[in-house]
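My structure is below; once you've seen it, I'll send some questions.
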Amino acid sequence: MKALYRRLGHKGLISLGIIVAALAALGTLPFWLDVDASYTGYYLFITCVYLTVAQGWNLIAGYTGQISLGTHAFFGLGAYTMAGLWLNGIGLYFFFDVTLMVVAGIAPAIVASIIGLLLLSRLKGDYLSFGTLGLAQIVYVLFVKGGKITGGANGIYLDASYFSSMRVYYWVALLVAVLATLAVWLLTRSSFGLALKAIREDDISAASHGVNVLKYKVLAFAMSAFLAGLAGSIYGYYLFHLEPASVFNMNWLFYPILMVVLGGTGTIIGPVIGSLICSALFAYGDIYFGGYHPIFSGFLIILVMRFMPGGIMGLVSKAPALWRKKEGAVATTTPE
Amino acid sequence: MTILLQVLINGVLFGTMYGIAAIGLSLVFGTMRIIFLAQGSMIVLFAYLTYWLFTLLGIDPYVCILISVPVAFMVGLGLFYTLFKDAAAIEDKNVSLLLAVGLMYMVDNLMLTFWTANPRFAATSYASYTIRIGDVNISFVRLMALVIALLAAFVVFYFLKRTRLGTAVRAASADMQAVKLLGISSNWVMAVAFGIGIGLAGLAGVVMASVYSFDPNYGFTFALKALVALALGGIGNVWGALSAGLILGVIESLGAYYIGAGWADAISYAVFILVLIFMPNGIFGGRAAVKKV
Amino acid sequence: MASPLLEVRNLSVSYGDVRALFGVSLTVEEGLIVALVGSNGAGKSTLLKAVSGLIYPTEGEILFEGEDLGRTSIRHRVNKGIVQVPEGRRLFPNLTVHENLKLGAYLPRTRAGYKDSLERVFSLFPVLRERQNGKAGLLSGGEQQMLAIGRAVMAQPRLIMIDEASLGLSPILTMAIFDLITTLHQQGTTILMIEQNVNMALKHCNKAYVMSTGHIVMSGTGEELLANEELRKAYLGRRAVTGNQGSGS
Amino acid sequence: MAAGDPLLVLDKVNKRFGGLRVIVDLDFQVNEEEIVGMIGPNGAGKTTVFNLITSIYKLDSGSIKFRGREIAGLPPHKICHLGIARTYQLVRAFLKMSVHDNVMTAAVYGGAHELSSKERTLSALELVQLESKRDVIAAHLTLSDRRLLEIAMGLASMPSLILLDEPMAGLTATEIDNLFTVIRATKEERKFSILWIEHKVDAVLDFCDRVGVLDYGAKIADACPDEVACDPKVIEAYLGEPPT
């Protein structure tokens, strides 16, 4: 315990406590709340799916500074990969097959690596964004036009009799979201994260300090595609009926972006807060406002970008700015 | 042979709208370095305005041009001063990109709520009128679209080449700081460029409503196509953008005919990515649209 | 006594945490050529930017004909007749020579006399008349500098501020540009110029200020400073001076 | 690799931007453990030379050899791995990261070395005396500390050549003194070579073993400091035509 305190300090220990308590509460939720009957179950499930995608986008856009607009393609690819393999009897043939889910993440990651090598080596800024967007639209058309292989615009059907309870979905999605957040957190605190942040800050300077800029951009891009694909496979298990219009929907691009920018781009907690808030707006907005909520989400993106581009975490970090400055000042005036 | 000719002509006529939209994008990008992804949504919005003016008030779409283009111009000025002015001034272009994304999403869904996803069309009495030259049929409204696009390109070209303000807009795309030093308001220059960009969206909206049936979901696809045309034509070249739009129309039309309808989109995006990768200056040369790493 | 055309009082400028100017004061009287010399990073360009309104000072004032410019816009200052020829010329390369000049006379005040200004520029720089329909980017370095100055003249300036007119030009062209600046001055325009070519600048000016690390360290007439050993030291360091004497040159 | 052996050799290097010849047939050499200055008026092409060496620009013709190996055309990070570090005139440290993370990034990615990246980070911070500020965000540092930080980032990759781009610009006299003390002491310990471009001549002449002078992208002098200071061509480049 003492060693832990020394490592984390006062604030770190409190944060750790909060996180452990929150995870314990969320993990045991199905035991004291009927997630099948309550809408909360669906809300938290879908929040976790979004959060997984959002953390992936956060890694490439927030930490690496490369805005990708191809997330929905990776999400859909993940869903279709899982479903296609399952239907063809590949994998261990049980519900939420881990191997299928991992493959569902790897497939889009491979696509992302290939397109990343082509695009990221030549383009940056807006054009990278539009290159990924164009790619996503191509993938969409391929699936709509895929005929028997993809089921075309009607999509494909999985065996819905596997559905037992929302509990399983909830736990799987929660576990994956927690692992995704943890993975992004660990990555960004490792030397890998140093390279990503350096690229975000100044890619030329990063290169002249020895960072292989292209390699790390592609890795981050592939990792974000992996998470999107993984989330896609979970959602695929939930849908049972996969069609291009639903799993390649632009919502799988825009909502995670909104969650990240609202919460705070390039922070680890930001996407968590953002996805909890936005997902509540969408999930309950559907109930209370019918189909209007996308209007508000568009408006929300505008408001956030116009008035607080740093997101909620940006505001939080600004609040104790005075105190922080003092701390910095002390540090800079005592070189001895 | 006749069929091929017909396909080509249809492609050219269809591509006019891409061309108009691309000219608008080019103006906005030239001055503000922003890719205005909501351009397609604005076009559909003004198509609905035309549709309303036509069905509710009985105003002919071509008369609508006199209303919707000035309105669109004002909307452009308004959008610039409320949303993009500050974003244009900062180095981080991701903010303005996401602003445009938010705007697109909001407008698309607003339209979906107001007008539903049912396709609409300003069914004028002359909408189905065709002109027959030899064995080739040319739709009157599509031909008008080409004429309008050429006129619009000429007006924009004249503005940029012959007027003081237009010259300032061109100068601004080379060096905003130097423009400021001459006492020219950089915000006004950007606002005007943005206004004209949206004004062209107003024009494209009229054309869209009079020629095609459209629905709210069309905006995003359309913005992407305009972007493809922009990438093909190279930034800062009015005729390049228009021609690229026409070429894109032909490519899609040929693709739809020979490979199958529905593949057209995939083909144009593939062209887009190939151009981005191998010809970042567009097929007409022009200024580099892409900063190389 | 009438107030000088430009008076800078106790001007300080910071870029974030980094201070670039420390309480600089200088005056430019109407009808003079004033030179501002000093090494790279001394703050000359910063001073010019503050006067033209590209940046606002943290302290001090800038008076033009006695009026405090405060935080007025660049446009306001150009309208008053303060025009800057920026470092590196900053032409619009894809525009024609004529279009570049046209933009110089953008403000309503200057449009009335547009034809006369154009004539004046063309008589000062005949080569620009010949190449008026060619793109500015295709001009040679010297011609580009002429165009940059010509563009400023189109604004009918009271005070032209020229930042490094000789940058990147050969000695012969530098000489030619300085002759043109002198002609411009004889026609009645007041000039404030920044120069690295110290000898040329001092020969062609009425008055000069020497800047170093954000301060003005010396001032005087061109002749005075040319004869000043301290100035050479400020530029090439102690060794240069002793070296010169040692070799008996 | 004894002191005095050729380390970096530029041979007939040319670079154009548009129609403008920025670097003209430049021959230049830096030897092991040598401190070489490169001076020249603003716009003479000094920084362009650095950008060519570090492969940020591609050269039009000529060759750049480092320890006998052609390095022109290698990607920038490979050049860092070979042992060339650089600083920028407008400091390009990673402003939102802490001092420690900045140096750590350079240490981790600066190539494989005997010492672990942690050890190299600590020793680099020690050498430039920034250990006490290791947790400060780079953006909060003063300009002179940022310069030291960039030098520490360079040191972390254990380079055999450091390129310094106008390290004195914008510093006060005391800060400059401190910077020199640090560079001198570090050089004593690490035995690397320095190629230093500078606009101000004085310090370069005092500090360097040899000085090259660049004017309009061409080398007009390359000799020991005393000789360079008396060279009429150099004086002309700096002060304009010789005073009569």
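Note that the chains are named A, B, C and D in the order they appear, and that numbering of residues resets to 1 at the start of each chain.
Definition applied: contacts are C-beta pairs under 8 Å (C-beta built on N, C-alpha and C of every residue); 3 or more make two chains touch, one makes a residue touch a chain.
Note that the structure is predicted; figures quoted are calculated from it, not measured.
Engineer: Common contacts of chain B and chain C?
Structural biologist: none
Engineer: For this structure, I'd like the pair of chains sharing the most C-beta contacts.
Structural biologist: After tallying contacts for each pair, the winner is A-B.
Engineer: Cα centroid separation between chain A and chain C, in whole Å?
Structural biologist: That gives a centre separation of 54 Å.
Engineer: What whole-number Å value describes the gap between the mean CA coordinates of chain B and chain D?
Structural biologist: Computed from C-alpha means, the inter-chain centre distance equals 49 Å.
Engineer: What's the distance between the Cα centroids of chain A and chain D, rounded to whole Å?
Structural biologist: Here the centre of chain D sits 42 Å away from the centre of chain A.
Engineer: Report, in whole Å, the distance between the mean C-alpha point of chain A and the mean C-alpha point of chain B.
Structural biologist: Each chain reduced to its C-alpha mean, chain A and chain B end up 33 Å apart.
Engineer: Among the residues of chain B, pick out those that touch two or more other chains and give their numbers.
Structural biologist: Residues of chain B touching two or more partner chains: there are none.
Engineer: Provide the list of chain C residues touching at least two other chains, using ranges where the numbers run on.
Structural biologist: None at all.
Engineer: Can you pull out the residues of chain A that are in contact with at least two other chains?
Structural biologist: Those would be 213.
Engineer: Tell me the shape of the graph of touching chains, choosing from line, ring, star, complete and other.
Structural biologist: Graph shape, chains as nodes and touching pairs as edges: a ring.
Engineer: If I apply the definition of touch given earlier, which pairs of chains qualify?
Structural biologist: Going through each pair of chains, those in contact are A-B, A-D, B-C, C-D.
Engineer: Can you name the residues of chain D that touch chain A in the complex?
Structural biologist: Contact set of chain D toward chain A: 54, 56, 75-77, 79-81, 85-86, 88, 92-97, 101, 104-106, 108-111, 117, 129, 132-133, 135-137, 140-142, 145, 153, 157.
Engineer: What residues on chain C touch chain B, complex-wise?
Structural biologist: By the definition above, chain C touches chain B via 52, 54, 74-75, 77-79, 84, 86, 90-95, 99-100, 102-104, 106-107, 151, 155.
Engineer: Taking the touch rule as given, give the residues of chain B at its contact with chain C in the complex, in rising order.
Structural biologist: Touching chain C from chain B are residues 164, 167-168, 170-171, 174-175, 177-185, 236, 287.
Engineer: Under the touch definition given earlier, write down the residues of chain D that touch chain C in their complex.
Structural biologist: 18, 20, 41-43, 142-143, 166, 169-170, 172-173, 199-203, 205-206, 216, 225-226, 229-230, 232, 235-236, 238-243
Engineer: Mind listing the chain A positions that touch chain D in their complex?
Structural biologist: So the residues of chain A in touch with chain D come to 191, 194-195, 197-198, 201-202, 204-213, 325, 328, 331-332, 334-336.
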